[in-house]
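The structure appears right after this line, and notes come after that.
Chains here go by letter, A, B, C and D, matching the order in which they are written, and residues are numbered from 1 within each.
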Amino acid sequence: MFKITEQIITGAEVQQAVEAPDAGAIVLFLGTVRNNTDGRPVQHLEYEAYPPMAEKKMAEIAKEITNKWGIHHIAMMHRVGKLQIGEVSVAVAVASPHRKDGFKACKYAMNRLKQIVPIWKREVWADGEAEWVKPDAVFFEQPSEQT
Amino acid sequence: MFKITEQIITGAEVQQAVEAPDAGAIVLFLGTVRNNTDGRPVQHLEYEAYPPMAEKKMAEIAKEITNKWGIHHIAMMHRVGKLQIGEVSVAVAVASPHRKDGFKACKYAMNRLKQIVPIWKREVWADGEAEWVKPDAVFFEQPSEQT
Amino acid sequence: MKVTVKYFAVCHEMLNRSEEEMQLPEGSTVITILKRLEEEWPEIAEFYEVMQMSVNWEYATENTELTEGDEVALIPPVTGGTDV
Amino acid sequence: MKVTVKYFAVCHEMLNRSEEEMQLPEGSTVITILKRLEEEWPEIAEFYEVMQMSVNWEYATENTELTEGDEVALIPPVTGGTDV
């Protein structure tokens, strides 16, 4: 399951999407909206995506994981629209025969998602200001990883 | 939350136990009962624990994690009694400010749980035989890590 | 030929539209679109260094050739997921 | 003095009981219990190498001293969690 959604994301749904009788290890990552960024109070977040391309890129990341670790049960979801503090913005689940690979694969999926999946975050601060978030320096130093 | 339970374990309850407004990364591990062990069909599993000591050791592992990574939101649960295929035997959740530490901490918790928490597994095979599982060789080679 | 061009996030905001159709001469590449946008929004040139383009949901280069009906997008640096 | 001794998993099965009270002489240590069990179940000696003991929910050694009311347990190699 690779999905951009305006609905609330729960850990349970990504978990269910990867459950399999032959895979005894499920590793799940959930990113939630924090009440501050570097100490500055956040009112809420807004995410925008290019849905068809985002879902295509998620599926490509899953394919990379299958090639690297032989893992076949992978789910990725990302929320768009207005998100309140504490809500889940991104969820990744991986079910694998071995837990070590599961941890590696889940971490890898998150790293790649931040590199190549076309989704953008806008921070709306408690003081009313708002801005599209600029990526961290690493992004600019490694543009080749995006293509 | 550090708990030995006879009830069904869900990912949602360990997730809820660690959710915090200052921790934007939740890493969850779920171990489920597979339908086979090394190809031999499993009918069901039975887990026995020494509950007060098991919960004490889980809390000690959490303390180790706090010391290593400054992570404070940790939950560990382990089921006992008879478990059917696909049911969750163990769940670990970690909420942290940084996802890399969250992955490390969750993995560490699972490794330590298998080393020092007094819980035992009995496999009941599809052919009717049953036996208490012996730990793998690594256990015998590193007895000092248990104390 | 006619292509659709999509604008997201900061591009959407600066250009004040989320997509448009463009009529391009045969043989156009991605750079044809970039040049045209530069006339309307000169500052965009500064962003080209960090911005990417896609054609039909796949990352493209300036020299990627376009054909009738293509869906092109300006992809500002992505910041999805979580910052933790 | 009186202590409680608990048996789990394979020990529970071999000794056919999950716990018992033992009356021990003053100055007893964990090894006093192990010796007493060996009389009933000679094969247990082979397991001592891999088995651990606990006193009041904490891993102990053979030389850990016991006092009235202690809860002692034989801890076979633990196999909790998951085998994946």
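In the analysis below, contacts are C-beta pairs under 8 Å (C-beta built on N, C-alpha and C of every residue); 3 or more make two chains touch, one makes a residue touch a chain.
Being a predicted model, the structure only gives us computed values, none of them experimental.
By the touching criterion, once chain A is set aside and every other chain stays in place, the chains still form one piece. The chains that touch chain B as well as chain C are A.
Taking the CA centroid of chain A as reference, the farthest chain centroid is that of D. Of the two interfaces, B-D and A-D, the higher number of touching C-beta pairs belongs to B-D. Annotation: 72 Å between the Cα-based centres of chain C and chain D. Put simply, the C-alpha centre of chain A and that of chain B have 25 angstrom between them. Per-chain CA centroids place chain A at a distance of 48 Å from chain D. Residue positions 82-84 of chain C each touch two or more of the other chains.
Across the assembly, chain A contributes 23-25, 31-32, 34, 99, 110 as residues in contact with two or more other chains.
Chain contact topology: the protein chains form a pattern that is neither a line, a ring, a star nor a complete graph.
A complete list of chain pairs in contact reads A-B, A-C, A-D, B-C, B-D.
Only residues 6, 8-10, 12-13, 50, 52, 54, 57-59, 73, 75-84 of chain C touch chain A when the two sit together in their complex.
By the touch criterion stated above, chain B contacts chain D in their complex at residues 31-32, 34, 37, 47-50, 52-54, 56, 78, 89-90, 110, 113-122, 132-135, 139-140, 143, 146-147. Partner chain B is touched in their complex by these residues of chain A: 10-12, 15, 19, 21-36, 85-86, 99-100, 102-103, 106-107, 110.
If you check the complex, the residues on chain C that touch chain B are 82-84. By the touch criterion given at the top, residues 23-25, 96-99 of chain B touch chain C in their complex.
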